[in-house]
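If you scroll down you'll find the structure; I have some questions about it.
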């Protein structure tokens, strides 16, 4: 059971490459809720997720309930190809002070691959390992950027099960994706929040406009 | 007019020459870049205006 | 913290022997010196402490670019920043792992290479002492450089360019201590200065490195 | 009204447009008159012969080389603390100027060294520190070039400038410890007001120093303007360019 | 072919001045030598040709790891192999681009650094000649090393280790030519040997590099 | 119009990491045909495609009609982040001796991004650029490994259109994917060809068995 906090984003503007991409984004993510971010390519999903995860600063607006509660996963899985599957998971387990990795191995059917070096996995197997990492962070809010890339349908189902179990334990998830995950979740379309090109939102180059 | 530089003429003159060359080069590069920047800015400002 | 240290050392061993390679580079540079300056024993002996220090420095330098860049590329750094580990601690641990896998072997190998370069007998002890005292500073300063260049595609050479001037004081005092030792003079002053530099950098640089890393990742 | 209003690029540009003409004329006047005065109007030194004339280039350049780094240090700090874009762009603009000054000091010194010390180069502490300063300039400029995002570049180069300053001072002591040198001490001790060169050399020298200082200022103002325009161009272009 | 050359040079310029950095490293190594061996002019003068050659070699070496590894990582190499370009031609062109962006600037800068190290006046011409003749061999041999290590994660140090022994003959003859030149002796024999090495490697190594690359990518 | 050759694969066995992965694979790909490779994660699709593209050697079997006729695209797009979109395409156009890049820019709606550095594109935009490269190879056989990763639905449609146009001109395509591309194409399931772990197929370590 996680602490029942709400991740709440209000009037958020985010920028990439110095340009505002999204403006006025706001939503609440309550425990047990999953929110699917949608939007065409280049609409700013990645940028929004990175901002919420604290990897970049927002231009404007506030994010509350995010500190030390977020587990972030993006395209790069942070896997070391010269460490085995177990070693990779154990490392993150120790960093996050989590006791065990077995549930994660089981949830993504990684046992048969446990001693394999991560570098020798296929694209989808790597992805599964990257997703398994989320379970050993012990963090309540999962922030995921296209998590199901190169997964086959059975692996997508594993992922959906893992998310459901996480939500059932009071966690929440914020997922950007282009495909249907089979999750029963709310959808948040970012394309409605595209920033005006001449909007003044505190981007660093505005002093020069 | 030119002072007698004695046996060190080469040194003194080359020191002056080298410095002047360096300074002039610096100023030239600076001005050139400045001019290019001005032109580019003017261009962009015009485009932006014509866009609406 | 310990997990990070263990992992970094493990990776250094696995990734094609990061452990041995710094050492091998050190060896090869030292071996190439006689080829390039000529084989006169006296000349070699007199430049030996300096060459060994320079070789150690270059060997350290060359392994710097895998210090953070690999973690950046595969996304580990993003995950570390969002992890409960304080970033200052993480960079210190990474510097320590770098020292254990690069600096320490160099210290241990230096006497052997001293023989190759005809280092005067009196110099061996001081050479080792000065390297043992100075190489931690090299690792810590190097981590700062690595943090500065972390987002830059293959910043290897830029990293060298930024770090080498920062290495100057360490090199001067270190090589001077080794040289004085080899000549039978008293190396106490440079050794003390070296110790001062090492302690100051070990204490302060991680803050700069962490700050720079945060800025760079944004 | 505070001086920070000039941290606004537009205000800065309009002010610098007003100041610059005066500055350029004054700088040109001082440099040209100072150098002509020094070159044609002063006698040879009894020991150094005509080579003493090199002082009018060497010393002002050396002075400005150090001062430029100081200025960069201060403006970098301002950026880190108050995040004024103009401030850090001024640092960026000053770096190449400082580097050229360093090179002039090194080159004229080297040319001077040949007749005086019988060598182009000696590992004298002052010369050596200058070489290290040159390396710092090089690294600073290279770092600016290498980072795409301008704000990140500003942050990182500012920290480099800070840390580099500490290490530059440290190197200076290290180098002094390592080699006592050939180079003469300072002839213009600011604190005491005393001086070691005689008046005939001193006045044109001061003129040149002032001239180099003004020239530095003019160049930095101009270059800062260029940097601002480039940033503005990039900003406008980015916003006009399709956000597809 | 021309497209590849132009692109490589363009990238060298764009990616943070790959052009200047080899040069900067050369400068820095040369500057650090006096700090490590001490400031005695006579000593420095006598080791100057060797140090400059060694510095040029190391500067070349450091930029090798971006020669093929970047193209490997982002998949360009896979695509090049399946493209109509003969691989031998591609590696030759890449070696040429490396020489233009690294070797050539080193040759031009060497005299300036010779001043710093108190190189005897007679040596300048021969130093430049030997470097101009020898650096192409360094680039070509380096390309071979880069091809050997291309699949290996951050093979930078391994690359150095493999390439350095291959550099030994070039270094010996090059440094010897420069040294003889500096001492006023006749440098014809080592220069001829150097020329021989360069022509042989430029003619033959690309085949070895291409073969190795094909095997490595499999 | 391309030369009407058939890419024909017969009794092919492929290995990864020294272990046979697929054995006895055989199919023909005639001009105008698209073949979708399917199979769960780790079944060997990537390995098979790399073998066909000539990037690795088969253990056994023959591939005919592949030499200099294949355009290969995998996860890594071979984009230089410091070159602009146009520069990236022009480079490959020159390498392949292809006259123009405009159709490729249009097909993937890259015009608005043409002067952008490739490094500043979003994940899906990069992918579009990587796919646009295929059109300027002038090669008849497209061999694609999960080409639609991180593409949104409109971009997937662009891709499908490009494939259709390619097929109509007498080209052919071999595509490994986990999702539905909306192409009317044959499906080839590799999972039927999984190699027996004790099969003797000429893998390099068999001399030691």
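As written, the chains take the letters A, B, C, D, E and F, and residue 1 is the first residue of each chain.
The criterion applied here is as follows: a contact is a pair of C-beta atoms (placed from the backbone, for glycine too) under 8 Å apart; a residue touches a chain by one contact, two chains touch by 3 or more.
Not measured: the values here are computed from a predicted model.
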{"item": "Neighbouring chains common to subunit A and subunit B, by label", "value": "D"}
{"item": "Chain pair with the higher count of C-beta pairs in contact (E-F, B-D)", "value": "B-D"}
{"item": "Copies subunit E and subunit C - interface residue numbers shared by over half, same or different", "value": "same"}
{"item": "Subunit B-subunit E separation of Cα centroids, rounded to whole Å", "value": "34"}
{"item": "Where subunit C and subunit E are represented by their mean Cα positions, the distance between them in whole Å", "value": "24"}
{"item": "Chain centre separation (subunit A, subunit D; CA means) in Å", "value": "48"}
{"item": "Residue list for subunit F, restricted to those that touch at least two other chains", "value": "75, 81-82, 120, 125"}
{"item": "Sequence positions of subunit C contacting 2 or more other chains", "value": "15, 152-153, 155, 158, 161, 164-165, 168, 172, 176, 218"}
{"item": "Residues on subunit A engaged by subunit D in the complex (per definition of touch)", "value": "17-19, 21, 42, 194, 197-198, 204-209"}
{"item": "In the complex, subunit E residues that touch subunit C", "value": "15-18, 21-22, 24-25, 28-29, 32-33, 35-38, 43, 46-47, 49-51, 53-54, 57-58, 62-63, 65-66, 69-70, 152-158, 160-161, 164-165, 167-168, 171-172, 175, 179"}
{"item": "Complex contact set, residues of subunit A against subunit C", "value": "53-57, 68, 70-72, 74-83, 87, 90-92, 94-97, 137"}
{"item": "Subunit A-facing residues of subunit C, complex", "value": "2-4, 7, 10-11, 14-15, 71, 73-76, 78-85, 217-218"}
{"item": "Contacting residues of subunit D [partner subunit A, same complex]", "value": "8-9, 85, 149-151, 228, 231-232, 234-236, 238-240, 243-244"}
